[in-house]
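One chain, subunit A, links the two complexes that follow: it is found with subunit B in the first and with subunit C in the second.
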Partner chain A sequence: MFIIGELINGMYQNIGNAIKEKNKAVIQKCALEQINAGAGALDVNCGPASKQPVSDIQWLVEAIQEVTDKTICLDSSKPQVIESGLKVIKNKVIINSTTADPEKLEKLIPLAKQYNAKLIALTISSKGIPQNKDQRLELAAMIVSACVDMGFSTEDLYLDPIAMPVKVAQAQEKDILEAIREFKVISEPSPKTVVGLSNVSQGSTSRSLINRNFLAMALGNGLDAAILDPLDKDLIDSAITTELILNKNIYCDSFLEAYRKK
Partner chain B sequence: MFIIGELINGMYQNIGNAIKEKNKAVIQKCALEQINAGAGALDVNCGPASKQPVSDIQWLVEAIQEVTDKTICLDSSKPQVIESGLKVIKNKVIINSTTADPEKLEKLIPLAKQYNAKLIALTISSKGIPQNKDQRLELAAMIVSACVDMGFSTEDLYLDPIAMPVKVAQAQEKDILEAIREFKVISEPSPKTVVGLSNVSQGSTSRSLINRNFLAMALGNGLDAAILDPLDKDLIDSAITTELILNKNIYCDSFLEAYRKK
Partner chain C sequence: MATQLIQDKWSGAISTVNIGALKEEGGSRSQVIKIGGEQSLPCLFKEGAIPNKPVIAFEVFDVAPDDWPQELVRPYSDVLSDPFAWAEKCVKTYKAKILCVRLMGAHPDSGDKTPDEEAKFISALLKKVDVPLVIIGSGDDAKDNQVLPAVSEAAKGERCLIGSAVQDNYKTLVGAVSADGHSIIAESPIDINIAKQLNILISDMGLPIERIVINPTIGALGYGLEYAYSIMERARLAALSGDKTVASPFICFAGHEAWRAKEAKVSVREFPDWGQEAERGIIWEMLTATALIQAGADLLVMRHPKAIEKVNGYIENLWKGA
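Right, the complex of A and B next:
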């Protein structure tokens, strides 16, 4: 599984303050901690309190690029913020995210091509959050179709089924998990799949327990990547073990340590 | 998920000794502990050291029936041991197990009908352990076909894909998990599915971690029952959480406690 660390997000108080005070050290420490814990990419989100996200995202990207060449995942619902981040990118990059709305796809797919970026696409549209698996598949098909039309490889596309909180949308979780399985057969080559894992436990108790059991089932259904907290050791242990069972890494008795060393 | 407690098995030293010494208290304590931890049935196996399994199983069944009316799962590869246990059964009963071999099916399916028992059937035959998903499905189809021929409802059948240790058969685990999903569509009504969960981690370190991640994926694929250690609290927490995500129990903030109270 490709781990995208979620912690550089202005909605967390320490990061929000660091952005306001332009305190690079906090951002860089958070970047390195996540990478050391197994993150292959770092999500970067200015958060809802940022008044200048167009410049803040550039500051964040530059701060991170001073300490690592890992992939950066530019996270904003505003295409102009994504575009601003892309202008200063040197590392590999993922755009997070487009929706299935044509005006977003027409803006962000060409940007992804121009900057050689991978693209996360949420199966959501301005009409709202899908209510079942079929609506998710319909939106996924629209996204894949737009990628094919604009010559963007579906191998570089990460479809996100929108993992809803079990507290508010319990009846949908099974459909969300099945959508991951079915997204993989929408096109050839298969699109990749990703979830924003922490959403699943939003507002719940036992958050790590909920996150890791959802993740095990999602990986069993073919999930490729997750945006998550790599500092949650129990979660990463669970992900490593699940992938061991799925034969993604060779078994040895000390498989947890062996994977982390790798 | 229907939990079948695995701990009354003569291969465990305390149980082996209790059988030898005819110490009912040890067996009865083990029965009640498993039930209190959530077991809906108790597997009963005399173990490899028993010299008189035909009488030992009767003693075990009678000891257990003195303290509980929960379902008993008679566990032996020898049909005469199963039959002996059935003769003293008052509780509900599961036969564990038949294989796909005709001589076993012809003996055990009629016994299951006669005693109104459910039947666990291993997708294995005298030719050996299946090496992939297709071989499992072929054996499952033979078993289902024999049940239909003999008028035994597939709703009372539990197909077991033979969960192999990840340490020795890592490449097979994905096929085993997919077999669970595909077993469910072999017949209408669907057969039920079961695994002997602890097999998966046989000989490994981090056994509970392996067991619970395998179980989460198996439940995601529609697993109905598992033979497991109900005293493994982390495993049961994980199973409760997985079933919560799958919408099998209604969400509340204290879902772990609520499920256990139920």
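Right, the complex of A and C next:
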């Protein structure tokens, strides 16, 4: 599983303050901690409090690139913020995210092509959040077809079925898991799949427990990547164990350690 | 339509292990043998770099072996009871580039030589021949735990490959090999899970994974060769996909296994349809070795000079495609 660390987000107080005070050390420490815990990419989001996200995202990207060459995942719902981040990118990059709305797709797919970026696409539109599997598949098909039309490889596309909080949308979870599997047959080569994992446990108690069980089930349905907290050791242990059961790695008695040594 | 080669892209590589240290490196060998380093499955030269050819080590015992079939004894009959002469014959007459010394004489049932005697033997051998050495114990764990550290110290700085560490008995050897600058053979009983676990246990003691060579244990032709092949293939696929814990070169004791096979040694009198035993054993060892090369063997330990000559020719031919 490809891990995208979620912790560099202005919504968290320490990161929000660091952005405000332009304190690089906090950001860089957070970046390295996540990488050491297994993150293959770092999500970067200025958060709701940022007054100048267009410049803040550049500052964040530059701070991170000073300490690592890992992939950066530019996270904003505003295309102009993404574009601003792309202008200073040296590392590999993922755009997070587009929706299925044509105006977003028409803006972000060409940007992804221009910057050789991978693209996360949420199966959501201005009409709202899908309520079942079929609506998700319909939106996914729209996204894939836009990519094909614009010559963007579906291998570089990550479809996100929108993991809904179990507390709010319990009836949808099974559909979401099935959508992950069915997204794969929309095109050849298959698009990849990703979830913003923490959303599943939003507002719940026992968040880590809910997150890791959902992740195991999602991986069982073929999930490729997740945006999550890599410092949650139980969560990562669960992901490693799930991949072991799926025969992605050779078993040995110290399989957790072996995975981390890889 | 022209045939199109379908090629995989790999993200991992097998580690490279150097055997033997030159004078300027603190040893006294005339050359260094490099094994491993592949970035592709065996012999798929177009798919990724294969920087080192498989190497064959001649197997030498410190005492005359008592169970070798007649055909295998024949080429060494003048030297079997003198390990120094035996080693020199391999190097001078048969052009061995590397030797594998089996310290059988330390075994309680085969002479029970002391650690001190074996250490002196290895010191003397290092003066007689200047090729890199692989050194393996007698197979008696308790005795090997006394003998191998002494031998390791005697060969300090010569960057030998010493074995074998097994899952239930590795700590003493890892400690010695680590301290004296050698590499280690990690042996597992045709079991990929144990091979991986043992590599982790050894590296946890501070010996880098890059100084481990895996002995996956093999079966000769007709005696589980294909099972060994599948284990080696599985390890390679994982290693090339990025699993460093199994990304070690392989050492395979082709001679030891092949010459145990009934087909290699029974006489033509017993089985007239099988042909002359003089050729049969050599063929058995060759076929076992060549299959292992296809499975990814990096270092083959072999016995009959004729079989070794033929397999060396086979390697040269195969590598013409590289």
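Keep in mind that, in the parts below, the second predicted complex is superposed on the first by the 262 of 262 C-alpha atoms of A that agree within 3 Å, B and C clash if a C-alpha of one lies under 4 Å from a C-alpha of the other, contacts with A are read in each partner's own complex, and residues count from 1 in each chain.
Criterion: a contact is a pair of C-beta atoms (placed from the backbone, for glycine too) under 8 Å apart; a residue touches a chain by one contact, two chains touch by 3 or more.
Here the structure is a predicted model, which means the values were calculated and not measured.
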Message: For A:Y251 in the superposed arrangement: first (subunit B), second (subunit C), both or neither?
response: both
Contacts of A:Q170 with subunit B and subunit C, given as first, second, both or neither: first
Query: A:Q34 contacts which: subunit B (first), subunit C (second), both, neither?
result: neither
Query: After lining up the shared chain so the two structures overlap, which partner does A:K261 touch, if you call subunit B first and subunit C second: first, second, both or neither?
result: second
- prompt: Can A:T123 be said to touch subunit B (first), subunit C (second), both, or neither?
  reply: neither
Message: Just to be sure I read the superposition right, which of the two partners does A:L209 touch: subunit B = first, subunit C = second, or both, or neither?
response: first
- request: For A:N221, decide between first (touching subunit B), second (touching subunit C), both and neither.
  value: first
- request: Applying the touch criterion given at the start, work out whether A:Q58 contacts subunit B, subunit C, both or neither, answering first, second, both or neither.
  value: neither
Message: Tell me which partner touches more residues of subunit A in the superposed arrangement, subunit B or subunit C.
response: B
Query: So which bits of subunit A does subunit B touch that subunit C touches too?
result: 250-251, 253-254
Statement: The subunit A residues in contact with subunit C across the complex are 249-254, 257-258, 261-262
- prompt: Touching subunit A in the complex: which residues of subunit B?
  reply: 166-167, 170-171, 173-174, 177, 200, 204-206, 209-210, 212-214, 216-217, 219-221, 237-238, 241-242, 244-247, 250-251, 253-256
- prompt: Which bits of subunit C are touching subunit A when the two form their complex?
  reply: 192-194, 196-197, 200-201, 203-204, 234-235, 238, 242-246
